[in-house]
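Each of the next two complexes has subunit A plus one more chain, namely subunit B in the first and subunit C in the second.
Presenting the complex of A and B:
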C-alpha cells in the first residue's frame, strides 16, 4: 500500500498523430520537428494561460493576497530566500534526510530481499510478517515510532528508510524469484559455482526488477520526507511549507511546493538514467 | 500489490502461520517477563480491553464514522472529477494536447505537499480535509481513465467507423467497455490514496473526531493501547477497501470474458 504502487508507471504521452499535418511542403524531418514543436507549445499554452490569469487576477485584486499572492511577490520572495541562502539550507536538510534514509532503507531492503530470494526457507518464515507490516502505510506507524525514537532526525531517517525499503524488498524478491528456470538449468549444465551463478545468471536477470524497486523506493522516500517534515520538523522544505502556512505567506508555500516537485522529478530522472547505464543490454529499459 | 498476499501453497502457509505465532508468543513473553518497558508495548489483552472500553464508553465508533464520512465524500468528489477530466482527455485529442502535459506534470508534486496549500485555501477543518482527500483520489483516477480511453484498440475504432457509429454510440458501446479495466485500476488506486490522505489530513490539520485524531491522542498522551488499536483499525479498513476493489475488478474481468 505504498504511495506509488498504483499507476506509477502510467505515463501518458501526447498523441503526436494529431499534429502531423504541419504546413505543406516540409521535409519529413521538418514535419517531425513541427509536430514536436506544436505539441510542446500546445502543452505550455495551458500553464501560460493560468499564469496570465493569475497575473491579471492579482493585479485587479480579484482575490485577497492571502489566498493568491501576485506572481511578482512570489518571485520576490524566491529571490530573497535564494539570496540569504535559507532556501538552499532547507533544501540541503531535506536532501540529507532523503539520502540517509534512502541509503539505509535500500541497503537493508536489498539484503533482506536477496536473503528471501535466494533462500526459500528463510523467505517462507520471514517474508509474510514483513508483508503484513508493509500493508499498513508508514503514516499510521509514525505516531507510534515517534514514541520510540523521538521526533528528531532519527524519526525522519527511520520512516524514510522504512517506506523506501518496501518496494526494494518486493522488487528484489520478485526479480530473483523470476529468474528463468532454463537459465538456472544452463548454469547447472555448465557446472557453475554458486558465486558464478549469482553473478552471471541471477543478478543480471533480477536487475531490471531491482531497479524498478529502487526507483519506486526513492519516490516513496521523497513522499515520506514531506510526511515526516509535516509531522514534526524545524527545518527542511516540508517545514518551510508549514511555516509559510502559519505565517499566512502563500508565496512561501508555493515556492517550497515547486522546489519539492522539481527535486523529486530530477531524482527520478537521474535514477532512470542510471537504470539505463546499469543495463546496457536493455537499453530501452523494461519499465521505460 | 499482488505480491502482498498470503502464500497459497500449503507448506508456505504453514511457515507463515508459525512465524506469526512466534511473534505473538514473543510479544506475550516480553510482557510476561517484563523484557520491555510496559509503557511501550501493550499486551494483546490490553488492546482488547481498550476496544471493549471504547465500544462501551468511548468514542471509537463515532471516530470511525467521521473518518469514513470524510473519506467517502472526498473520494467521491476527487474520483468524479478524475473520471470526467480523464474521459475528456482520452476522447478529445485537442483537449489532451493542451491540458494533458499539465496533468502529467502536477503528478510530480509529492501528495502531502498539497496539505499546507489546501489548508490555506480551504481552512483546516472538514473543507480543507475533504479537499485534500479529493486531490489524492483525483490523481490516479484521472491518469488511468485517460489512458483507458486513449488506448482503445485501433481495430475497434475502425470497426465503429465502418459501422458509422455516432459519437455517443462509439463512447457507450466501444470506448467505455474498452476503458473500464483501466478505470477500475484508477479507482482502486484512488481509494487507497484517499484512505491514506484521510488519516493524514486528520493528523496534520485541525484536531476533530476521527481516527487520525485518536492516533495523535495516543501518541501525545502515551496511551499505547489506544495507539495500537487505532493502527489496527486503520489497517483493517485499508484491507477492506483493497479487497473490495480487487473483488470488483475480478468480477469485471469475468464479465469481460464471457
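Presenting the complex of A and C:
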C-alpha cells in the first residue's frame, strides 16, 4: 500500500454522497462541485417554493396587503431602508449586542464548564443550580435582572450572554465527562501528568461536544437578542420588528426576520468551518 | 535461579456482574524470568486481556500476589508497555505523534525522541505514513503503529494482546521475527497473548495454556529450542498439535491443521 493509495481511499469515502448522486464520468473535483451544488439547490428549493407561493398569493389578493404585503413592496421598503442607512444601523446594533453577549457567555461558559468537567468536587456543588436555572428561560429572569443592571445595554448583554452560556456549559461538561475510559487508561500507561492528559486526551475528545454547545449557544444568542429587543429597546432588528408590527408595516417585520436568519445562518456556517479547521483528523484530514 | 522479573501467585480476579461476583481468573501461578518470552493461548473470554491489565497495573482490584522484581504492582509504569487488543491510537494525533506520546515522560531530548520515533515507524514499515492520522490507516497499519508505540521507550516488560491478529499473513510473519529479535536484543521480558498456536510456539520460550470459566492455567509448556527455531521442524509440529489438543482441537495424526 502506498500513501496515494490511502489518500484516494479517504477522499472516496468522504465523497460517497457525491459519487451516488453525481452524473457518471465526472472528475473527482467535478463530483465534489456537483455535491456542493446539489446540496445548495436542495436547501434553496423550499424557500424558493415559499417565495413563489407568496408571489402568487399577493398577486391574486389571497390575503389583504396589511397582513401580507407583496414581494414588490417588501423589496421597495428594503431598498429604502438600505439607502437611508437605517437597516445597516439597526443591524450593526444587533450584531454588536450578539457579539458582546455571545463572547462573554461562551467564554464564561467554557471556563465554568471546564471547571465542572475537570473537578468533580466543584461540579457536585456548582453544576446542579446551573442545571436548574437552565430550565427557566432567561427572559423570565429579565424583570429581576433589570433591577440589578437597569434596562439599558447591560441588560441585553447579560440576557444574551446567559442564554448563550447554558448550552456551552452543558456541552463542555458532557464532552469532558464522556472522555473514553480506554483513552484515559492510555494516559495512565504513558505516565501523563494532568496537563498532558488535558492537552492530548481530554480536550481533543471533548471538542465535538464543545462545538455543538457553541453552535447552540450562538443560536440561543440570536433568539434572545430578538426577544430582548422586542421588549426593551429603541434600536436593533428586534425593535424594527415591533415597530413594523405596531405600524402594520409587515414589510418591515419580514425584512428584519430575513436579516436575522441570514446572519444567524452565516455565523453558524463560520462556526462549522472553525469546527472542521479545529479537527483536521476527521474526514480524511490533510490528504482529504 | 535468578530473581523472577514477574511473579504471580494465586492470582484471582472477579468482576461484579448484575450484583454478583463472577470469577474471571482463578489461582494463576506463574513465575517469569528476566528476558523470557511467554506466550498465552486460550479461548476467547478466558481472561487473557484481564490478566495483562492486571500486570500493567490498570486494575488493582484482585486477590493474590502480583510482583515485579519482588515489589507489588501498584499501578502502571514506564517499565511496562502494552499493545492493546484494539490499537487504541489517539485519533487526533498523526502516526508519528501517537508513537511520540509514549515518550512524552521519558526524559529523552527532543532530537533523540524524533530519531527513535522515526526508527520505530520504519521498523513496522510505516516510515512513509508518519504524517497520516489513524482514520487514514487500515486496521493492520494502525496496529503496527501501536506496536511501534509500545516498543519506542524500550520497556523492560512488553505486554502484547493479540498484536498481530489484524495483520495480513506476510506482515504477520515478518513482525513475528521482528518481535522475537527485538525482545532478545533488548533483553526485554515479553508476554504475548495470541489465538494463533503457531505463533505461540514460534515466539514463546514457554506457552501458558488457559482453560475458560474461570480462566485458569491448564498447562505451562516449555518450547524446545528446535521448535522455536524452525516452523517446519518435527518438534514444532508435535508441540503445536499438543497445544491444540489442550485447547480441545482434534488434529489428524499427520499433516496441516489450521490454527
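List of remarks:
As a working rule, the second predicted complex is superposed on the first by the 218 of 288 C-alpha atoms of A that agree within 3 Å, B and C clash if a C-alpha of one lies under 4 Å from a C-alpha of the other, contacts with A are read in each partner's own complex, and residues count from 1 in each chain.
As a convention for this text, contacts are C-beta pairs under 8 Å (C-beta built on N, C-alpha and C of every residue); 3 or more make two chains touch, one makes a residue touch a chain.
Quantities reported herein were computed from a predicted structural model and do not represent experimental measurements.
Of the two partner chains placed around the shared chain by superposition, subunit C is the only one that A:201 touches, whereas subunit B remains out of contact. Legend: residue contacts after superposition of the two complexes on their common chain; A:193 is shown touching subunit C, with no touch to subunit B. Of the two partners subunit B and subunit C, more subunit A residues are in touch with B.
Contacts of A:279 after superposition: subunit C is touched, whereas subunit B is not reached. Contacts of A:61 after superposition on the shared chain: neither subunit B nor subunit C is touched.
Of the two partner chains placed by superposition, only subunit C is touched by A:185; subunit B is not.
Comparing which residues of subunit A touch subunit B with which touch subunit C, the overlap comprises 1, 3, 6-7, 10. On subunit B, the positions that touch subunit A within their shared complex are 1, 3-7, 11-12, 15-16, 18-20, 23, 40, 89, 93-94, 96-102, 104-105, 108-117, 119-121, 140, 143-144, 146-147, 150, 185-186, 188-189, 192-193, 196, 199-200, 203-204, 215-216, 218-219, 222, 224, 227-228, 230-231, 234-235, 238-239, 242.
On subunit A, the positions that touch subunit C within their shared complex are 1-3, 6-7, 9-10, 182-183, 185-186, 188-193, 196, 200-201, 204-205, 279-288. By the touch criterion stated above, subunit C contacts subunit A in their complex at residues 56, 58, 75-78, 80-82, 84, 86, 88, 90-93, 101-102, 104-105, 128-129, 131-138, 141.
Partner subunit B is touched in their complex by these residues of subunit A: 1, 3, 5-7, 10-12, 14-15, 18-19, 39, 42-47, 66-67, 124-129, 131-132, 134-137, 139-144, 146-148, 170, 173-174, 222-223, 225-227, 230-231, 238, 241-242, 244-245, 248, 250, 253-254, 256-257, 260-262, 264-265.
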